[in-house]
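The structures come next, written out as structure tokens.
Each of the next two complexes has chain A plus one more chain, namely chain B in the first and chain C in the second.
Up next is the complex of A and B:
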């Protein structure tokens, strides 16, 4: 497949998936409503603390928005392959001439892109209800930060999609992994206040660096170049791991004739 | 052999009898838990109702104690009570709404079974399950987050917790009844659990919320029950928190009654409009 056809395929599947997820009430909830509720909760909590934590409203809004991005990635990607099984399209997609991992890339990016709408909704919410100022200390770096965050979360989503398929109840794993990742990736509570043993795990997770890249460009003191670089490095690592897992999972499913079985 | 030659078994119990109502209440409730509650299997139950609440407690304890000067135990108690909503609200929603999705609703409504027994029977397993999840979360709070309960206050805490779990199951029943007409009933169940998290003093004291949010909080389950649990954990007796527990029970009864009437109304309406199986 030529590069242009791959880009076209990924682009098409991404937008197709965004449109499909927009038709789901559950994803409307996780992308647009849930971040607003958690943002409000966090705003009141930080307000209740009287600013002792020293964080700005923008810090809270970005963190709550990123929580929504993680939820959408987790549920949108975790169930991606399982849904194709339920819909009966998995066999067709796997046996199509296009490489299945490119289709999966588009699917997972669709979920992540939808999740990022949640950040916009949370920022608008903060401005309207709490008079939050919108500012960026490095406005030219911000688009690159956003791109890095989307790419790294998309690749992590692909890894989630390929590994969760090994567990029959992907949504249950989603329920399990929502809060711990919110906690250990420093979305609202800085990693520096967490126990030392958690930090290595945090640094292996895309939301940690994605959040760092976005916050660095908006409220940071210096450009978040390390965070942006880490996003791209992790994205490559996740993609390679996801590709190997996918090959293993599909080979096993073909060998056992369980591709279409739920 | 013709059909008329088949012996017809006599009904085992008059559907209008108390005994039949008890069987519908007890067996129906038990079966609804096992068959309609999608999470009643270890592979879903453990990640969702054990793992999820554990991390919810740790998350809010960390966030709350970082953002405010309150102790992690304050947030642990609030969330240990709130996690019962996962079992109560989602469970009851599934126990009622899944009748339609699994195609058993027409059969249920065609029976002459006592509707009050049918409806009330669903509560018991989910109240028990909510209590279990909440008690487990309290255990996590005691072991990891510094929650301390005086032995003398355990009975009061237990009563307040029971009232709270009942009222949250009642709002779940209302959501279940509403879901009989919706495409996705769990959307509303998710909204309710989030609203409880925000409006009911789980993480932010009610007094610190804007006035309109306090009004909403006072109309929702949890607010009074949770306050009673908090006060009891601080050593208050039945005398001090009895009123709060009473209000919580009344709120639960109000939601349960509304749910029953809505269920009955939707049953009549579905029969009249032939929409029992329309999704």
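Up next is the complex of A and C:
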């Protein structure tokens, strides 16, 4: 496939996935409401802990928004595959002449695009209801940090979603991954409070670097360029891993006849 | 609905493969693995396809006819690269279905029957645009091709409606349009008329015929005899994972040409009475059809209409309605084939495979 054809395919699948997700009332509820709930919880917890409005509040609010984005991403990537299996379209996607990994990338982008809403909504919610100032140490780097953070979540969602192609009940496993990822990637609490043995795992997960990029841009002493770079490097690594995982997964699905199972 | 098939410029694929066959299956076998039990799980092997061989010529409409569970869909799924054969080989337009999956996928269209396989929450047009991208249809020809296909399947004017509001017949026609988006050389139709009303089924048969008229090779699976007889150049009857007969509709009917079919309308016939008919050495096969208040027994025999009195005697006290003796149809040939092949062997193979 030519590069232009790949770009067009990914763009089209992204657009289509956004449309499909927005056609689901359940997804709209998850996407549009959950970041606001998480942000509200974070604001009140922050205030009850004696925190005052400022850059730290922005960091905390964005962390809460990222929790909502992760929920959206898991649903948008993995849930979409489970839905396609149920609708009977998964077989058609897998047996299309286009490479399935590009289709999966497009589906991931679709979830990421909507996930970006979670961040914007969190900021607006904080400003309007809690008087949160949009103040950051490195305000010009902050948008790039947010993009890197969302890409980090999307790429991890895509990698996990590859297993959803193989097993019809993998979606349940995906749901179970929602809270652990919050915890060990620093979305819920800073990873500095986690046991030492978990930290190597945390740093292999791109969202850890995404959260670090947000922290660095809002309250850090230096621009979080390393964290931003790590987000994109790990996202590329996840894509490569997802591609080769798919080769194995699709072969096994053809061998075990699991694509049509609901 | 028009039956004019759009013929846009399409792939650089060969018109006919080097070996002269559009589809070729050689000793295809597919076994499924499953488990029984909860605490003491036993692994069992279920043979779905047990050594199928056939070849389809370019431009031919080839039918796979068989009862539910005979192995039709499994065979198709191996040919369209969705399942790996347990053993045996298959080629589509000269490409191996295991090794050359991308080349095969470029050249085939796959349409299955039923409600699934479409994105319900968006319009038919969005569905077709999406699959056109996935099938690599040139953006310059997408608009005209989608328009032509919508016209062909009679959905022009309804294409902007959400698919969830479509009737089953409309969905089936949309399936066909989707399967033809990339102008495939070979089209697989897996029970496309299932669940359609008589008018919808007739329109669908016209559409299928138009595919052949446009030069496509079509492999059609069905368990409707009249559909296979009306459409197919050749028919393979498949039962319990094996092809039990292959030929034209006339060939298949010829297998029981020396038989007479006696149709006996009964009211409240018992299993014992039907068993007595089946046990009679002069009777070839007995098929039972349930009607509102009655049961129609279709009895095959080589004795001609002379056997009628004997059959009525075997039915004993059963209340009898109309009795007719007639020439055999393809359906009768099919019933004979299914009744006399496969089942015992399949059960034996399944029982033996329990590990």
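The rule we apply is simple: the second predicted complex is superposed on the first by the 234 of 262 C-alpha atoms of A that agree within 3 Å, B and C clash if a C-alpha of one lies under 4 Å from a C-alpha of the other, contacts with A are read in each partner's own complex, and residues count from 1 in each chain.
We adopt the following convention: contacts are C-beta pairs under 8 Å (C-beta built on N, C-alpha and C of every residue); 3 or more make two chains touch, one makes a residue touch a chain.
Keep in mind that this is a model prediction, so the values were computed, not measured.
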Tell me which partner A:19 touches in the superposition: chain B (first), chain C (second), both or neither.
second
Inquiry  = After the superposition on A, what does A:188 contact: first (chain B), second (chain C), both or neither?
reply    = first
Request  = In the overlay, answer first, second, both or neither for which of chain B and chain C A:45 touches.
outcome  = first
Dual-contact residues of chain A, meaning touching chain B and chain C, are 24
Within the complex, chain C is touched by chain A residues 1, 5, 8-9, 12-13, 16, 19-20, 23-24, 87-89, 91-98, 103, 251, 254-257, 259-260
Touching chain B in the complex, chain A uses residues 24-26, 29, 33-34, 37, 40-42, 44-49, 52-53, 55, 167-169, 172-173, 175-176, 178-180, 182-183, 188-190, 193-194
Note: in the complex, chain C contacts chain A through residues 32-33, 77, 80-84, 102, 105-106, 110, 112, 114, 116-122, 126, 129-131, 133-136, 139, 178, 182
Touching chain A in the complex, chain B uses residues 39, 43-44, 47-48, 51-52, 55-56, 58-59, 62-64, 66-69, 183-184, 186-187, 190-191, 194-195, 197-198, 203-205, 208-209
